[in-house]
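Below are two complexes that have subunit A in common, paired first with subunit B and then with subunit C.
And now, the complex of A and B:
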């Protein structure tokens, strides 16, 4: 299609006659001196999924970052009334009866009641518990006292979920960021310089990819010891080859593009070409994958924790919480389901975000 | 964009050299470039020599795979892959580029010689703003400050005919049309004031109307800056009006080279003649079959023993298949061609055999002008004898003849 003007522009002529009848005033205001209007920019809607993901991830990250300063219960200490409240559940006793049973004065509700009738004073404060209610029991359902209920030890689930997010986010984002950095650099250099180093690097990456990632991580943590750092290192190690592959594949396509040759003939050095020309292009698909990788890492940390191989107890982690709740899943399914749902939504959010990012980037690429 | 604004020595001065007095801007001497592949050595450029003076344009014409792009890239010295083998000498302002080494050569890229690529869709970085792509080399080579570079870049965009350059400066390549992008690539190439410009099929990816604009722009800039230019194209029409000299390439060799007017006035090489014939003419009736050159370019790993064009040449004789013709000079000084029986010489039959439109003619099959069968001949008006060559296409109208 020939351009309509001798001097080309990305603009459309505004027809003077009725062809484009009455251009609206807004458009008119944008009329440039040469009588053209800019083509309307198409804005893609980001959609509900995107904003939901952004808000959810923000909340999770916020909770993880500020957990020590948030007005929430101690995640590692049971509700002081948990024991008394559980006694109430097990024996059908009233709060006062239960207190007596709990301190060992009685063995049943009837015995406790008769002791009370005989004039025994009920202690006002049992291990810090003053007014026990059923909301404080172990495996409690959500209530005003514990908005997400309690776990098998009577600890506040909401608080544990937030502290668990600390582990999930630290491992998910931290380990993946390091993996992205190391794997990305490896892939970038391998794809740009090619030759023997590339063959070596990619062979190692292939061998690592052939290993079952989780087994590798389990083996590493089992040997190196359970700590947040070691879990992070384990997940970083298994993520590096994937990042190296993606960065290399992307580098290969961009290194062949003419703009790289164009930069070279303008006198750019290799380092400059890598940093200025190739890196900004490669970072897009790598970031899109990284968002998905964060989700995978969170699941991996959960799996390690479920197997008891993540952070040492009593530090809370979503996987540990699911493991705890697993024992009572038939009677009190929420104990395991709550952290599972939180993990599910977080993983979904990262996936949606990664997907959106990839879509936006893809469109840009085809419009080239 | 004035490189004079810089305080830093650039180009040849940066590497402590001066142009050798009396030397041509560019001298290429028996250049060979080959690619080592698993199944042999591909001789993409096979013994090319030419000279280019400042302010002159050399048009390099040839079909796909004739080695014209490889020629321009190996002259510039940017073929760095490990499987590339080059021989011969390339002298820029009297200095052998091969002897300069990679680092010194890089100091010349952009400042002394620059290149405009074929496809503006891929020759701009999609994730970098237009402005930054221009200012990079200004700041790197000329040591300009951010503000100076920005002003120079905007001036450069304006000088290549981009409207609203201040706005375009901060836009991304995908926001520009193809023609505009090619203007941007030209602005980038011109940014540091090179003296030698390689234009590698600069209009192939563009609309016909835009082609003429871009070629005019290149010609204008060339005149203004007194640059030497190597214009690589597959379109004889493009070089007709814009090149001072034309080199026709076939299978890695220059098969005919002359001043543009001499070449079109007196075509000696049958290949050039065939290229000229294959340009569609407006005055021909509709549905006229186009004159194509039958067959394919030869395999560059095992090129034919004799003349490389012989298997496709309508005039080929036995000698052509056995001995490779040297590059000889015709009556006109400077008119070189590579043919045993040049067009118009008495030993050649006056009418070429009809060029087969399907498949490769067998070597020798086209020798005697056997009466063509009715089904074989294209329904064209009789082909004029080669002794009376076609007039040179009018410069102004040729780019549209694509």
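And now, the complex of A and C:
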């Protein structure tokens, strides 16, 4: 089988000239003329996995962006009926009996019933709760009132998942975007100028890589204090060296290529060569890694939150939710399972997108 | 060459030790006051005041009164618990005693020198608890569980990954390989604590086969083995995928070689060709990554340890962070990082010894 590689790389050259879109049919025809096998853009279907990932990520990002304006419960406040509903479960009382028990008029269902029989009026509104049902109790199963059930404090799981997405997406995309920018610039400059700047920048990157990533993030948040900003900074710091290495590795390969020579011979300045010739090529592997890195960042934020080291309470984060649910996992598995599944699907979706991106643009694995 | 690598390793560990130290020092606020204002476990007693004893209520102040903003670390939730009432003079004295006891009254560079000097002798100072304990003692107690978890995860990962990788390479792009690839992808994507949740639900909650919490080996070996199954699988799953993918791609390259063709032509059974002839030359990068991964596992154990209440380094670290027990945090972070760096360098050296191509390059 003839090696399709040269064609493939030529196509990347085309991309470098500014045509960052799908391969031009004319280019393929030209290449076919000089004897190589034309790159038949196999109209490979993107497949179910890809579209599922795109839709899922769109939903998560949409929820994260518009959480305050969505018609969902307050994520940090328990269902007003949570207490009464839990009383119903614990004592086997009817809603009216439970209300009486809850306000302290009675201690058991029988006593409450006899009080009602004696003509005591049941308060219509207990702490804002009018018609308690079992759907409102803590750790409730999914129902019409709470479509994903409630958590250990009677808060709506669905709304906490959406507000948790806000933290996950802010940290995931925000921290990785900054890490990609800083690390990318570091790697690009190191790979292009070589010499002393390279030694300096890569030594810094190596020292950062000397820390196990999660330990560095934990130590940073522990010392600097818990806040969304600090969690973001921690994850950015951890991600910079990886981006720097990828950007440097692929800059090194492109800096030696003929089209860079050509630009240099034509008198292009270094800044132009970097921006117009090298950057468009380097951005591909860096972006492919960035998609995976977003998934890693979401996991890292989740891990920090699980350890109680992410955003301060009561702000909901998927990791915090999983941790809360883990405490009652033997009785109410769903409380931990729901956020765990949501997180898993999100992480999987970003991984799938990264993988697809790699296939579509034929990014070779660069040395990590 | 080996000497150069070792030199860089020592330099890296020193830089890391300095950064770890500096990170703790950069924290705004007075460690003594932070400790004075936090949970009862890390309270230091009111100093016995030699000055005028003012026991009447109006002058009695909680130590938090000195500097509320400093006593309430950012991120802490709720009011700091009211632990002990000292008058202001006692508080100042208690603070001085505390600073002196932990050598925090020295100039910063001397503190660092003292800390590093002690660390080189395996002495990481004393904890900030009311009854100070040696940090090195706590670490020594935590090490066995972490090492057990790490080694087991690594061994399990290799045991599963090697046959899987060899099989995938042998059946390249056939159904079995594709199924293995799909599972690898899932295993790589799933966070270890999420996998742990799924495993707990299945094996503990639904089937009731395994216990939820960890039992140390010294307490009950049988229970220990049962209780460590889920943590080990949760830690090993992603690693299995990484190892298997790596071995697969190296093995596919090896299987193209002439000596494999030769072995096949001789009529050797496939198993013998795969495991006796092809595996060894394909396993160099697997060895490297396996070594580096051992270091990375230390980070992964933190969360797994706190999930299953394994009394290991990670658990110690998280407990120390909650109690703001800085000497313990510094020591654990330094220790983990140093081990990580040392493993990486050792792997580098062993790799070049194993593979002549690198040695002579």
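The rule is simple: the second predicted complex is superposed on the first by the 320 of 368 C-alpha atoms of A that agree within 3 Å, B and C clash if a C-alpha of one lies under 4 Å from a C-alpha of the other, contacts with A are read in each partner's own complex, and residues count from 1 in each chain.
Here, a residue touches a chain if its C-beta (ideal position, glycine included) is under 8 Å from a C-beta of that chain, and two chains touch if they have at least 3 such contacts.
For clarity, every value in this text was computed on a predicted model and none was experimentally measured.
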Practice problem: Look at A:223 in the shared chain and tell me whether it touches subunit B only, subunit C only, both, or neither; answer first, second, both or neither. | Solution: second
Quiz item: If you stack the two complexes on chain A, which partner ends up touching A:343: first (subunit B), second (subunit C), both, or neither?
Solution: second
Practice problem: Using the touch definition from the top, say if A:65 reaches subunit B (first), subunit C (second), both or neither. | Solution: neither
Quiz item: Touch check for A:215: first (subunit B), second (subunit C), both, or neither?
Solution: second
Quiz item: Looking at subunit A, which partner touches more of its residues: subunit C or subunit B?
Solution: C
Quiz item: Just subunit B (first), just subunit C (second), both, or neither: which does A:195 touch?
Solution: first
Practice problem: Classify the contacts of A:266 with the two partner chains as first (subunit B alone), second (subunit C alone), both, or neither. | Solution: first
Quiz item: Of the partners subunit B and subunit C, which touch A:284 in the superposed model: first, second, both, neither?
Solution: first
Quiz prompt | subunit B residues touching subunit A - in the complex, by the definition given at the top | solution = 76, 78, 82, 106-111, 113-115, 117-119, 121-128, 136-137, 140-141, 161, 163-164, 173-177, 179-180, 183, 185, 188-189, 191-192, 207-210, 213
Quiz item: Which subunit A residues qualify as touching subunit B in the complex?
Solution: 1-3, 6-10, 32, 34, 195, 257-259, 261-269, 272, 276-277, 280-281, 284, 364-365, 367-368
Practice problem: Using the touch rule from the top, collect the residues of subunit A that touch subunit C in their complex. | Solution: 206-207, 210-215, 218-220, 222-227, 295, 299, 302-303, 306-309, 312-313, 319, 322, 326, 329-330, 333, 336-337, 340, 343-344, 347-348, 351, 355
Quiz item: Residues of subunit C touching subunit A in their complex?
Solution: 12, 15-16, 19-20, 23-24, 26-27, 73-75, 77, 185-186, 188-191, 193-194, 197-198, 200-201, 204-205, 212, 295-296, 298-300, 302-303, 306-307, 317-318, 321-322, 329, 333, 336-337, 340-341, 344
